[in-house]
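One structure below.
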Amino acid sequence: MDTTLQDLKIQVCEANMKLKNSGLVKLTWGNVSGLTAENKIMAIKPSGVDYKELTPEKIVLTSLDGAEQYGSEMAPSSDAPTHMELYRAFPSIKGIAHTHSTYATAWAQAGAAIPCYGTTHADAFYGEVPVCDQLRQEQVESDYEVNVGKMIVAYFSNLGLDPEEKPGVLVPGHGPFSWGKDAEAAVENAIILEEVAKMACLTRGLQPCCDLLPDYILNKHFSRKHGPDSYYGQS
Amino acid sequence: MDTTLQDLKIQVCEANMKLKNSGLVKLTWGNVSGLTAENKIMAIKPSGVDYKELTPEKIVLTSLDGAEQYGSEMAPSSDAPTHMELYRAFPSIKGIAHTHSTYATAWAQAGAAIPCYGTTHADAFYGEVPVCDQLRQEQVESDYEVNVGKMIVAYFSNLGLDPEEKPGVLVPGHGPFSWGKDAEAAVENAIILEEVAKMACLTRGLQPCCDLLPDYILNKHFSRKHGPDSYYGQS
Amino acid sequence: MDTTLQDLKIQVCEANMKLKNSGLVKLTWGNVSGLTAENKIMAIKPSGVDYKELTPEKIVLTSLDGAEQYGSEMAPSSDAPTHMELYRAFPSIKGIAHTHSTYATAWAQAGAAIPCYGTTHADAFYGEVPVCDQLRQEQVESDYEVNVGKMIVAYFSNLGLDPEEKPGVLVPGHGPFSWGKDAEAAVENAIILEEVAKMACLTRGLQPCCDLLPDYILNKHFSRKHGPDSYYGQS
Amino acid sequence: MDTTLQDLKIQVCEANMKLKNSGLVKLTWGNVSGLTAENKIMAIKPSGVDYKELTPEKIVLTSLDGAEQYGSEMAPSSDAPTHMELYRAFPSIKGIAHTHSTYATAWAQAGAAIPCYGTTHADAFYGEVPVCDQLRQEQVESDYEVNVGKMIVAYFSNLGLDPEEKPGVLVPGHGPFSWGKDAEAAVENAIILEEVAKMACLTRGLQPCCDLLPDYILNKHFSRKHGPDSYYGQS
């Protein structure tokens, strides 16, 4: 096997373990994938495998159209078609995480976008965390997981949202997907999304008509961490 | 001792420890049982024993009518008669778990069924998690634990509920019972029930009049994991 | 030193560590005491000592009027006078725990007794967990900690409450005290009180006008674990 | 390097680790600083560094005007200018902690001061935990972190608040800053602030119109732990 693919499998395995160890995943409810530099091959967790038994060898490699599978012969995560749709539509992302983390899922079940109430949120998401539309019956009954991906892509496209400014989304009645420049960044955004979801839930409990963070603070915090003028961290 | 019974005691001991380690049990508030393949002998946690001191040798074996006890001479869990009623009425289940897990118990105390707000729920429970009726005074004053079991069975029978589609129930003012194809599956359903109870509680806080998950998504998710057309996990 | 006193110091030290390890205590906010069989000498945690540095040798021994101190020369917990008042008034108790555990303290801050909504509660408290009256200014300004104890005792006496049926109380604006047959039992009741407080808080959130547990179930559950007809646990 | 500065770096490193281990910090969202006895040099966490990789050698030393940096060449926390403003205005404090801890941040996002509902709060904060004013656009767009510090200082000055009686503040839409006589005390106040924020949130849920703790109890508890008449802990 190609060294780069071997590295990707190790990286994706570690990102899956980090997701589990962060407390965002109960049982086997979560999956992380990563993409090669050429955007051709996706590495993803196998379906329904206990995290305790996950090794880089079990990580599944597939072409982005799902037609070819390399290395591990295990079935990929049932959500793999959703990941593929996102990778094909958003060329700048190379890692995706999906969880049923408690607070983000509660917002998804409530069918509500997470408002930007503070700088913790603004440091990672430029404005609300969107909730896409509900699939129609025929979109669920055939090619369900493909259609979840297509729905997210259509929602971002119709509203002109930038996946680098919104590194995650809520699927209504389901839960969050998040992404980033690699598998680890996708997991980090899953952690942020869950914490922001919890803070917003508590904020609304304290103040049901809470004002959003002013735009000028949102701009400041997002640009402090992202883009050409960022100055957070070590250069 | 028969090897199969020895295996069952080990399996039931491990399932009790898993329940404890999952954080669903405070002090000694929980018990898991398992049944032999022939549905004749039940293995269950002894009453009021500290989990730190639980060993397979202490697991109690009894006939399903409670008339005979084998091996360990400790008193079985005080809830043993409830387990027996469920095993006799629901022949497809071979494991039962009972907890006072926080959020599931809160729903039970509120006397409310847990509505199906999302796919996390639909992956394990086909529709709401039911709450059965409250026992009457005379049913509590004699044969209480037997009558808890009879009430659950009568509730499922009267409403035509299938214990494979609803692998758990709330006893009002008390807490949840869950079950499955063996002791480990019963514990897994206890974990799912608690997480689903927490998510539904938070969802209702965010959106008091939240819509239920559409039926076509409920059908999709339940059948994706259960029954002849399931495709989640490794075949 | 007398062996019995040495045993008591070890028991009280372990009970304090159990309180800390149960997650009920932040920083140094908690204390547990125990009493000798003759109800003459109290062993209690020293004031403001880090749990990591607590050893049986540091446990303070005092006479029940506080006039004499034996062994360790450290200052006893500032709440020691409260413990002494309770021991003198309630001769059947030989262990007391005080915490600022989160949910019990929230009920105390709200000035509300914890209603009995379920069997988890009924297994340990016969009816609501009471909240005693607020101290008046002069009772706070001199002999504050003595007066906290006197207030609890007066409240139980005026209402004819039995400290064996109500093994704990909330001091309004402050937090819970719990007790039992020894220091370990007091800690166990502190754990139960906190969990019951959390469940009741969530129950009320789901159903603001929730019915209390019917009396006949309260009677059944309390007597199943306490008194001459108890049958829970190993005899 | 000067021994005192070396000790300060060790102390500040340990305080940062304690903040992380207390569960108040997700990812890299937090920082603690400490000051030399002469109030001349500040030691602070470097920006965006993983706690797992933090060592005393990486702690950044700067003069209080930020003009000179000693030892480590890493970029200091982006919040360093806020710390400097606080140290210059409040000469009695020698440690500062900043977090995005969940409940304190929820109150900050709600734009509400945390009312003093109980003795847990009164033991550390003399009355409500204040929320300062929101910065205006021009204060955010240039010298943002300096202006956060100036705003806190102006708020305390305008209202005549004493930083020793109020060892922390909420920045609206952002989160808490806390302080104390050294870095460790600042972290301890961050822990207290978060717990007090959680208790107040739950208290308000149980009783939306909850009375404040009476002044005579507030006075008693604060003075029991602080000032010339304190008697808590070992003298």
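As written, the chains take the letters A, B, C and D, and residue 1 is the first residue of each chain.
Note that in this section a contact is a pair of C-beta atoms (placed from the backbone, for glycine too) under 8 Å apart; a residue touches a chain by one contact, two chains touch by 3 or more.
Treat the numbers as computed from the prediction; the structure is a model and nothing was measured.
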| task | Rounding to the nearest 5 degrees, give the angle of the rotation that lays the CA atoms of subunit B over those of subunit C. | result | 90
| message | Roughly how far is subunit A from subunit D, centre to centre by C-alpha average, rounded to an integer in Å? | response | 33
| Can you give the whole-Å distance between the Cα centres of subunit B and subunit D? | 47
| What residues in subunit A touch two or more of the other chains? | 205
| message | Taking the top-of-page definition of touch, could you list the pairs of chains it picks out? | response | A-B, A-D, B-C, C-D
| task | Report the residues of subunit B in contact with subunit A in the complex, numbered from low to high. | result | 117-120, 188, 191-192, 195, 198-200, 202-203, 205-207, 210-211, 213-214, 216-217, 220, 224, 231-235
| request: Can you check the complex and tell me which residues of subunit C touch subunit D? | output: 26-27, 29, 46-49, 74-75, 78, 100, 102-103, 105-112, 134-135, 137, 140-141, 144, 173-175, 201, 204-205
